[in-house]
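By letter and in written order, the chains are A, B, C, D, E and F; residue numbering begins at 1 in each of them.
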Amino acid sequence: MVEGLRALFVGRFQPLHLGHLHVLSWCLEFADEVVVVVGSAQESYTLRNPFTVSERLEMIRCSLAEAGLPLDRFRVVPLQDINMNPVWPRYLEVMVPRFHVVVTGNRLVAELFRDYGYPVVEPPFYRRGECSGTRIRELMVRGDDSWRLLVPRCVASYIDRIGGVGRLRRLWGGGRA
Amino acid sequence: MVEGLRALFVGRFQPLHLGHLHVLSWCLEFADEVVVVVGSAQESYTLRNPFTVSERLEMIRCSLAEAGLPLDRFRVVPLQDINMNPVWPRYLEVMVPRFHVVVTGNRLVAELFRDYGYPVVEPPFYRRGECSGTRIRELMVRGDDSWRLLVPRCVASYIDRIGGVGRLRRLWGGGRA
Amino acid sequence: MVEGLRALFVGRFQPLHLGHLHVLSWCLEFADEVVVVVGSAQESYTLRNPFTVSERLEMIRCSLAEAGLPLDRFRVVPLQDINMNPVWPRYLEVMVPRFHVVVTGNRLVAELFRDYGYPVVEPPFYRRGECSGTRIRELMVRGDDSWRLLVPRCVASYIDRIGGVGRLRRLWGGGRA
Amino acid sequence: MVEGLRALFVGRFQPLHLGHLHVLSWCLEFADEVVVVVGSAQESYTLRNPFTVSERLEMIRCSLAEAGLPLDRFRVVPLQDINMNPVWPRYLEVMVPRFHVVVTGNRLVAELFRDYGYPVVEPPFYRRGECSGTRIRELMVRGDDSWRLLVPRCVASYIDRIGGVGRLRRLWGGGRA
Amino acid sequence: MVEGLRALFVGRFQPLHLGHLHVLSWCLEFADEVVVVVGSAQESYTLRNPFTVSERLEMIRCSLAEAGLPLDRFRVVPLQDINMNPVWPRYLEVMVPRFHVVVTGNRLVAELFRDYGYPVVEPPFYRRGECSGTRIRELMVRGDDSWRLLVPRCVASYIDRIGGVGRLRRLWGGGRA
Amino acid sequence: MVEGLRALFVGRFQPLHLGHLHVLSWCLEFADEVVVVVGSAQESYTLRNPFTVSERLEMIRCSLAEAGLPLDRFRVVPLQDINMNPVWPRYLEVMVPRFHVVVTGNRLVAELFRDYGYPVVEPPFYRRGECSGTRIRELMVRGDDSWRLLVPRCVASYIDRIGGVGRLRRLWGGGRA
């Protein structure tokens, strides 16, 4: 671990899954602190972004605690999109705590930060293909309970408590209520 | 009819069709007044939203009059979208006259208002499948005149007067003018 | 009255006062219909714009009824500001029912519509100086009840019912709650 | 302290001062967790809002640590303004972790949350008049070093490190660079 | 050439190709000056809009010079989108130098300006089908170098210099960096 | 003159005056090209920003020509404001042609670009105090014709042609048209 080094990790956490948690934990190997940006903060109640920021912040909090990760080494910041791609890295510099390295598996994010001058690191995959937000939302919509195995236990019970699967399935139903 | 009860009905009216009119009339059976929100007010001159708010307001006005419905029991309010779904019901509370019950066949609208605490009623269908904005716009694009049977008479002649079918067909034509 | 002629009247109605009502009634002398735009729709809970659109729509409705004016000759449309002045008249053309003449005592509105090509008419004053939103809000803040004489009776009781004077006075109080 | 109770505290922290710290610490007496909203997140490099969110987040972090307050009982969330006052409480519900009580000395915030249905508590003053962002910025502009006595020690040295006083004084200088 | 006549040409120039250059040159046959609007100015680093405005302005400048066209008869203005179609022609009147004729092959642009009252001219095609931004970006993504034959020489070398093809291919790669 | 060096000059040009022209000409002494940004592009028809971008672009064009300055060494770009100060220099990098040095007498612009890493040069004054947009607009409002001596001749006659003084005076008149 490099003292004082801060890693930036950007995700939408729709929902937070074991892959996210794996990356967050992996960041602590080299970074002193991790700035976790909850992106597309303005989005929710859609098939692609079913959960609100408020809900996603709860998922992150309980997952870090459940995994025994040190809460005080994570700085979680929700962030609304701005629609001007190459301005985005600068927008982050202004809106989140200072960071030195960008950890991302997203091509656009990688491209934008490299062109802007930051080192970009691709995180190791964790159960590639399985642990993806898209796949988890598909399982939920299909009524396949195996999504529960892909998220931290506290996330599964939080989603139950807020009726998240029902919400997603109703949204998916299409035009009629 | 419950005295003082106000129903909210949200539609895009692209264009207003007999299904809309049927619901508006049905609302009067239980509601004293109907708050009619003309949604996506900022959209027009697209395949999905060909008509301006100005034009849609004329369609609503003439249809209510032609059907002999009492104009003074309808409160028509155009409304621009805000892109933050769970905030939307509160936005409506601030931007339209007070209402007590939400009448909608749209799944997202139903989900948002139920979670926010309003009773949501699904209106009866009128010639299901036929009377839908999507289908009417398709007929127009194809040059099939049977769309005229699915809208109030005054709407058909208003669309003729503003050259609405030609507009839609030209927009549909794709890249070249 | 010129058949088919429509007048546009734009106001913020913070709150609706006897001057507004006088102009609205005066418009009916020459216009068949009056398009009443409730401007700065997004503003409320400020000293300059204490009332929401929802509340302002109620004031307009009850005032027209109380004055015995024909509801069906008024088309009331709330409208959010866009911050690009010379584009504004075009924005209105798209967002409100068609109109032919602009009735306004506001210099900017007059300038914009004249430059855009509409005839602009200045309405007669009614108890000039007294009947102004600014003055009425000042009286409210000072706790001077004479504002009641400057608005329609139903507006005064509506403002009482929603606790409007208290709201304005609390907002005016400054930094501490 | 009420188990599970969460207090909401909204501030701009321009800069964080001893009054803020006093309130944050006072909240822990009755609340289990404090949701700290850093408002007007989009503003910086102005006389009224000299510091960026990134900088304000550092001030909050170091102050909580320096005061020995438990970091894990604070949930800090920056938030951009939306310009539609009565929609604001709902926007917060969606964008920050759930809360039950609102702690604020700001009249508008108090009015909005009371009308929306939350209990609102006015925090005790700490060195009233002295400990205010406005006053601290005035001292900085005047070159009066006594502002250092009104902020936590780590905030003073952080502002030194980023050259905050120079920035403010240059901005204040007016039109010429 | 009609003295004093100004033509408006709107394009996204993603990238500028020989078809654009052909139209710009053709405009000079009848127009004194050409107002060149670089549309969707806010977009870049996407598959459909890979280049920034800054980059597109360089392409236009060097192409006009390389083709020996008179720089002083072109007025190049980048313009961000506004999302209200029939307001768009008015927005252009306010934001770009005065123009009299609209040259466009885009159906929506043609429809909007005709309805607003401008004469609209469809430009002659140049190597139809080949010279299109969509096709050029597809060739780039596929690694097919023949795109170089469809753009001015200086544009090809500018795109090389800024690594434009690599950027596009990386963006196209999908989710992982 | 340094070959290839580009200077950035930002102004609102409300209206363009001899001071602006003096700076633009002075830039050519050391810069190969000057990127002229017409700021606050969205503003017009206000006391502080009476002229549209379209009008300001005409003023710049005719002034450069009248002064015999080489048109092809100036790159004029209108730009709408974004309200996030430290993001602004990055926004310019994306939206205007590349530049190396910033020429400005505005303190905020200087502060933002210095912090972002650009060299900032303060231009020499030209008839300090007299040649300022604020002063010229004041003279116009007062009906004092001496403003004509402070702008290029072609700007004075352009303002006459569009009735600019009348517009400003009517806007200044206050509430009634």
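Here are some notes:
In this text, a residue touches a chain if its C-beta (ideal position, glycine included) is under 8 Å from a C-beta of that chain, and two chains touch if they have at least 3 such contacts.
Quick caveat: nothing in here was measured; it's all calculated off a predicted structure.
Looking for a copy of the E-F interface in C-E, A-B or A-D, one arrives at A-D, which has over half of the same contact pairs by residue number. Taking each chain's centre as the mean of its C-alpha atoms, subunit D lies 47 Å from subunit E.
Subunit B and subunit C have Cα centroids separated by 27 Å.
Measuring from the averaged C-alpha position of subunit B to that of subunit E gives a distance of 37 Å. Subunit A and subunit F have CA centres that are 44 Å apart. Residues of subunit B in contact with at least two other chains: 44, 52, 84, 86, 93-94. The touch graph of these protein chains has some other shape, matching none of line, ring, star or complete.
Pairs of chains meeting the touch criterion: A-B, A-D, A-E, A-F, B-C, B-D, B-E, C-D, C-E, C-F, D-F, E-F. Across the interface of their complex, subunit B is touched by residues 83-86, 104-112, 115, 120, 122 of subunit E. Within the complex formed with subunit B, the residues of subunit C that make contact are 41, 44, 52-54, 57-58, 61, 71-72, 75, 77-78, 80, 93-98.
Across the complex, subunit C meets subunit E through its residues 84, 86-87, 89-91, 93-94.
Within the complex formed with subunit D, the subunit C residues making contact are 42-46, 52, 167, 170-171, 173-177.
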